[in-house]
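Residue numbering begins at 1 within each chain, and the chains themselves are lettered A, B, C and D in the order written.
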Amino acid sequence: MSAAAVHSLWTTAAEPISKIDAPKIEYGQLSPTLIVVGAALIGVLIEAFVPRRSRYYAQVFLSAVALCAAFAAVVALAADGFGTTKAHIAAMGAIAVDGPALFLQGTILLAGLVGLFTFAERRLDPAAHGNRVDSFAAQAASVPGSDSEQAAVKAGFTTTEVFPLLLFAIGGMLIFPAANDLLTLFVALEVLSLPLYLLCALARRKRLMSQEAAVKYFLLGAFASAFTLFGIALLYGYAGSVSYARIAEVVDGTVTNVDPALANTMGNDALLLIGGAMLAMGLLFKVGAVPFHMWTPDVYQGAPTPVTGFMAAATKVAAFGALLRLLYVVLPGLRWDWRPVMWAVAIITMLGGAIVAITQTDIKRLLAYSSIAHAGFILAGVIATSKDGVSSVLFYLAGYSFVTIGAFAVVTLVRDAGGEATHLSKWAGLGRRSPLVAAVFAVFLLAFAGIPLTSGFAGKFAVFKAAADGGAVPLVVIGVISSAIAAFFYIRVIVLMFFSEPKPDGPTVAVPSPMTMLAIGMGVAVTLVLGVAPQYFLDLASQAGVFVR
Amino acid sequence: MSFPLLTATAALPALGAVATAAVPAARRTAAKWLALLVSLATLALAVTVLVRFDPDGTRYQLTESHSWIKDFGVRYELGVDGIAVALIALTAVLIPFIILAGWHDADPLETGNRRWRPTQGFFALILAVEAMVIISFEATDVFLFYIFFEAMLIPMYFLIGGFGDRAHEHGEETAATQRSYAAVKFLLYNLVGGLLMLAAVIGLYVVAGNFSLQQIAEARASGSLHMATSTERWLFLGFFFAFAVKAPLWPLHTWLPNAMQESTAPVAVLITAVVDKVGTFAMLRFCLQLFPEASKWATPVILVLALISIVYGALLAVGQRDIKRLVAYASISHFGFIVMGIFAMTSQGQSGATLYMVNHGISTAALMLVAGFLISRRGSRLIADYGGVQKVAPVLAGTFLIGGLATLSLPGLAPFVSEFLVLVGTFTRYPVIGVIATFGIVLAALYVLVLYQRTMTGPVKPEVSAMPDLRVRELVVVAPLIVLLIFLGVYPKPVTDIVNPAVRQTMSDVHKTDPKPEVEAAK
Amino acid sequence: MENLIAPLIAAPLLGAAVLLVGGRRLDRVGHWIGTLLSTASFVFGLILFADLLGKGAEHRTLTQHLWTWIPVGGFQADVTFRLDQLSMTFVLLITGVGSLIHLYSVGYMEHDERRRRFFGYLNLFLAAMLLLVLADNYLLLYVGWEGVGLASYLLIGFWQHKPSAATAAKKAFLVNRVGDMGLSIAIMLMFTTFGSFAFGPVLSHTGDASEGKLTAIGLMLLLAACGKSAQVPLQSWLGDAMEGPTPVSALIHAATMVTAGVYLIVRSGAVFNAAPDAQLAVTVVGAVTLLFGAIVGCAKDDIKKALAGSTMSQIGYMVLAAGLGPIGYVFAIMHLVTHGFFKAGLFLGAGSVMHGMNDEVDMRRYGGLRKYMPVTFITFGLGYLAIIGFPGLSGFFSKDKIIEAAFAKGGTEGWILGGAALLGAAITAFYMTRVMLMTFFGEERWRNQPTRSPGAPSAEPAAETHGEHAEPHPHESPKVMTIPMIVLAVGSVFGGAFFSIGDRFLHWLEPVTGHSEGDSPLSAAAVTGATMVCLVIGVAIAWAQYGRKPVPAVAPRGSLLTRAARRDLLQDDFNHVVLVRGGEHLTRSLVYVDHTLVDGVVNGTAAGFGGLSGRLRRLQNGFARSYAVSMFGGAALLVAATLLMRAV
Amino acid sequence: MNPVNYLYLAALLFTIGATGVLIRRNAIVLFMCVELMLNACNLAFVTFSRMHGNLDGQIIAFFTMVVAAAEVVVGLAIIVSLFRTRHSASVDDASLMKL
């Protein structure tokens, strides 16, 4: 680049800034996100100003209202046709308002709502010193087992910060799949991650494991996001811009008005490929695909179960949304480069998750591995690179998220002296003690296993169908095999619950408040409805199957 | 839009299942009666289907068709041909007897736990299975069929793993573990089969674009839908594997002995007499209609497998020490006959096979249920623990003998007709296979008579000396079955009249005609 | 008139149903119901017989179509009955002898608390046997064929608490099944050859079919016949079948059922006529069996087993005759009928003796019984004379004709067969005389032998009821038992003469079976002479051995042949070693294979995944940094792979 | 001099950071390595920005700093709490959950 050019660049910059036309923001179309984030901020203020006794109620109320409002906004937008005809890119090209975005945001918000219910549950643990407690530490700062902790518990402290944190996370998740330039993507990634890191550390019981989970999640997450960022940097270097549309144009070679200054770096495919790969790696980390999955079991096990449920459901949805957008909007021109790689990832993810899960002994770890396997199945749909592929993935995510939250909600119910009894051996004979809970959990497991008449089957069928249509028949076969393997360990749990004799020192099943019941109930309802009469939702998903660019 | 008879026939037991499950824990007997009444009502509906069905009418009758999952090209399409009608009737007939036979099988041991309601569950599950079996006989949409073909596994799984014989030689703990092993084995076997079928189902959709059996079959016939030979064969294998597991065909059979051994006699009957029939039925309806060429391509191998099943099953039955296992292996041998009849591709073979499904259902039910009564009395499944029962409980012994004679297909009893038809049908096209298969009848005589001799004859064992004879409830279960066996053995025409047209259709699907006899050929 | 055929079968069938379903409440009258219904069926038979006689020789075939049984495509099986001279003959024999034996059993089974059931089975047998001979197609015949098998199974094993009986019954059924296999294959062959298996189409189109097919059919039919009629190599069950009550042995295993094979061959004459090879096989089987049976009969000390051997050999004669084709058919049937009389008589006699001797069956513990049970002695004696072919008695005529026919076959075959038949006649004379002498003559070896020596075989459990530890008090049987014996004795005396004078029987049966006079190298007189000589020799030897010197109470070791003959010429041992042992090994090894191999593969796969899982999960070692390593490595791979994709 | 060299430097720094994450035990140091990686990214951004002659890269660099700061806040909070419970900042000690 010639010195003159550089000089001119400086000089233009040095000129007195006459007038920058203010960026045009379509607040209406961004309302879902804005509502949630705004509510989060208010939540912070509540923490600051509302007396301790009433904080909990204020927070729960606020969050619930915010999520419902946001969901209403999403529905309104969708009804207004932003999902289909009016789909466009808002906020100066930063955020896309289109079918996938809205669908995923809706899913995330519902998941978030259900998650909120499980967060707010306060009936499961025995009341400590006369005040009800939820599954979060009384005072995260106090050392486990220390006097300060005792004092905090005695004083009836509760970490109501979790609610704003939850809202922040949801806010990030809402932006994540809608982000239409890499910067927004990165910011959203951090916004959704950081609160989750904290939430992981806040368990009331088993705090060491909780903190360990947080540390692992945080360090690895930061590590991954560094890769992501570097990937972004390379892409920026490749295209001279971080806007999806722009990058896509460059990739397709249909770029207009190249200024000569860029000529020598732009279109350097090495940059593109490496950058794309590193970016993809960041997203695959979030969805928990092999070999970037290793944080999943530990974090899922250590984190407070409500957090785990929410995280497992919502994060996956958001991350897959972002991944879809990246692959379909930014890198479609690169299909022939990334498809084979994704094939490999999908295959090892499906098989790896399913196989390792066989020998798990902790229910939460088991579900973690199953979530890995499912990530593999979803990837199979992602690879299809067709409209069907998108809509099938959307459908799968919707179904899956509810099953997951429901399943983890059930896990919170099964408790013994040491809190949740997550070791499988403790679950023996649960079907005898409380058939209903066991039956509900069995329904979730069958949905995971993809047995017909559950959402799991419909989703799996949709995804595999799309994949097969896309010519990925071997992938389908492997998927089928690995779901057979997966079936084995889901069934193992069912066997344990129904066919083995209950242990004398077995866990008790706590009677939850209506909130958890609602969460579980919604899970079951969605699972069965999507299993028996999925048509409406499939329509929804297929309408929402088109990205704007 | 007439009354959706088929839907009703399937829906009634389903609703009955829900209702039964909802009966409060204390009202155990009420649940039993409810289940029994529902099954009888279902039988009534099935009979109406039988009556409304016109053998000489169109291929699929009483059809219903509604859009279901548009995106998957799935429709809710029901329709019955003669074969389906016969099997629906069989199912509806057997279930009441199964319920009646299992009257006390699920009475809870500890009545303390208010929430644990095994009895309700047991009968609800049986009804659920009935519903799913019936609808999978009715479905003319591949996807619809597949869904229930798979879903049926779940209630069966709980029936096998959740309820076993009361007294067990090794104590309840090991019994439980063995049960769950059997249940898991059953489920995994069938699930693997089912999932491979799923891949094939998806493949079929990719090729054909919809799931309607009739549309696809017509398109195939008219040539408007072309399938590459390799594609057709792969799809065929995907389907056939699942059905072969269900059927079960050697060497995919090992789940059956465990399942039948560990489950209570009524459930064992439910498995072999009802559920497994879906597999053979599906071979006849889906494999042959959707993939005629591939079916013909695979015929030699399948026939050999069937032949192995026949002889192998019989030989193993001879070697068993456990009554239920023995019956299980006998069933494997019989399923070999059924498959052989289907793939012999002659009208005798296929009518015979269909008839065989019905008769085998009844005869196995008779034998197995009586065996169950016997076992419930002595609390052991081992043949060696019995002896001389005939002297203390002559009626039981007599019914047992009749069941056994039916199993060895004695002329005059129903199974003879079907078995002979299958043999003839096979013989006309594959003489050698037919002849070898005929050895099966000798082996059958061997295992049945050995079983009878060891259990019923000889000096009375002290343990059985106080054994009561059949009770009224048990007689009510067995007597009608025996009457059916004799009636269908003497006058099978009603069934053959219904079945023959359907078989003729299937034969034309695979473009096969019966070989001409030598004398006519000479002329 | 043909409408009377169905009732003919229905009567005993009804009896069976009533008696078996009726339950204990019928115990007191059951046996009379059974007897009544079998007699009724006999009466129907007589009426039909009269009707046939009324018709012209060519129109003596009645058919009754009841309903279509199995209609599938070309496969049409009807339930249709056909009554012609041949089946008529059998009907009369079956119902006649059957009724007599019912009557006899009333007395014989008096002490058995399960008498009702016994009569139920007997009626069942009659029904099945009638169905067998009246069926108009082979499939329906097959039903009767297995029906009689079932009845015989039930009756042999009637005393089920005796393991020996149960085993014998099972054996009989199994061996018969082997034969049945032949019959069903024959039917399939007929279907593929003629497109039908009804007598009409099959027997009238034998001309159009290839000889190979016909030979195959013939051989398969022969196999069936061997099973049912206890011909070598499937004869082994008959001896054990004597475990059943004696009336059963008389009715089923002497007079009627075992002759079904002969019926089958004669009925299928058209097939055999067109298939010489099959015919030859039949004759060979017959000849071998008639010697085999005779030899076995010589060695047995159990009176019933001895008679069983003789039955075997007599049926051998019939089969031989049937194998000779049109020359022999008529005489086969004729001998069958006469044999039915005298052999039934002999068995009833034997039963009567056992009845008087505390159910002792070992002839070495008999002796000198003639003065204690005169009626039995006389009837038995007449039967004896008849069977050895004493001039003028029925056996003389029928057997003589067969021997003639055998020679008439001509060529070396003729000589061999004829020779065999003659030899057989001699041996027959020997063993029957032996039986006669050991039972009714000589000193009373049953004296001061209070208890039965353990070695001796025991047939009747009724022994348990009346005192077995007392010294036996031989006594004549009640009227209800003696009358049938007398009737049968009369039959066995005059039957043959009645049939042969003016060839009555020949003319009666000829329209069905056809007949042709072969050209015998020997004149009828020569044959008769030869027979007589053989007869005398046989009797003489027997007298020399058992008449002149006293019979040892314990059997001497005897020659190799004798010992072999006592063991049914080692045929059972062969079965045991080859079939039973071999079978057991086969099944045991298969069970092993199924468990370890077939099932092992499945469990192995599961275990394999489990192991893999266990190994893979070690990677999850809990160290955040190692997770980071995998991520880093993954990223590197991802990048590398993407670049690689572009490179290639 | 050729700005591409800055890219090489960035890559180098990034790699150093990553290696540090892989080999160091102390959570704080680990974390600093991550920060190093982020800053490597920043360098890359500004370099590219320079090369492309548009300001996007520089803007992004600022964003990154903010994000990094946020990460520090959260990260240190977690690490400190871990340290207080375990009295060690070694990440390898925190391996309760495995397999």
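Following the convention adopted for this analysis, contacts are C-beta pairs under 8 Å (C-beta built on N, C-alpha and C of every residue); 3 or more make two chains touch, one makes a residue touch a chain.
Nothing here was measured: the structure is a model prediction, and the numbers come from that model.
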Key: Mutual neighbours - chains that touch chain A and chain D alike   = C
Request  = Determine which of the two chain pairs, A-B or B-C, is joined by the larger number of C-beta pairs in contact.
outcome  = B-C
Note = Chain with Cα centroid nearest the overall Cα mean is chain B
Query = How many angstrom lie between the CA centroids of chain A and chain B, rounded to a whole number?
reply = 46
Note = For the pair chain B and chain C, the C-alpha centroid-to-centroid distance in angstrom is 37
Query = If you average the CA atoms of chain B and of chain D, how many Å lie between those two points?
reply = 65
Task = Give, as an integer number of Å, the spacing between the C-alpha centres of chain C and chain A.
result = 81
Key: Numbers and ranges of chain B residues touching at least 2 other chains   = 188
Remark   = Two or more other chains are touched by the chain A residues 215-216, 219, 223, 227, 297-298, 488
Note = Residue numbers in chain C touching two or more further chains are 606, 617, 620, 622, 624, 628
Message = According to the definition already given, which pairs of chains are in contact?
response = A-B, A-C, A-D, B-C, C-D
Chain D partner contacts - residues on chain C that touch it in the complex = 617-618, 620-625, 628-629, 632
Inquiry  = Please output the residues of chain C touching chain B within their complex, sorted ascending.
reply    = 20, 67-75, 79, 139, 142-143, 145-147, 150, 153, 157, 160-163, 165-167, 170, 173-174, 177-178, 180-181, 184-185, 187-188, 191-196, 205, 208-210, 213, 583, 586-588, 590-591, 594, 598-599, 602, 606
Note = chain A partner, complex, touching residues on chain D are 3, 7, 10, 14, 17-18, 21, 27, 30-31, 34, 37-38, 40-41, 44-45, 47-48, 51-57, 59-60, 63-64, 67, 70-71, 74-75, 77-79, 81-82, 84-86, 91, 94-98
Message = For a test of understanding, state which residues of chain A touch chain C in their complex under the given definition.
response = 215-216, 219-220, 223-224, 227, 269-270, 273-274, 276-278, 280-281, 285, 290-292, 294-295, 297-298, 336-338, 340-341, 344-345, 352, 355-360, 485, 488
Residues of chain A touching chain D in the complex = 1, 5-6, 9, 13, 140-141, 143-144, 183, 186-187, 190, 194, 197-198, 201, 207-209, 211-216, 218-219, 222-223, 226-227, 229-230, 232-234, 236-237, 240-242, 259, 261-262, 264-266, 297-298, 301-302, 365
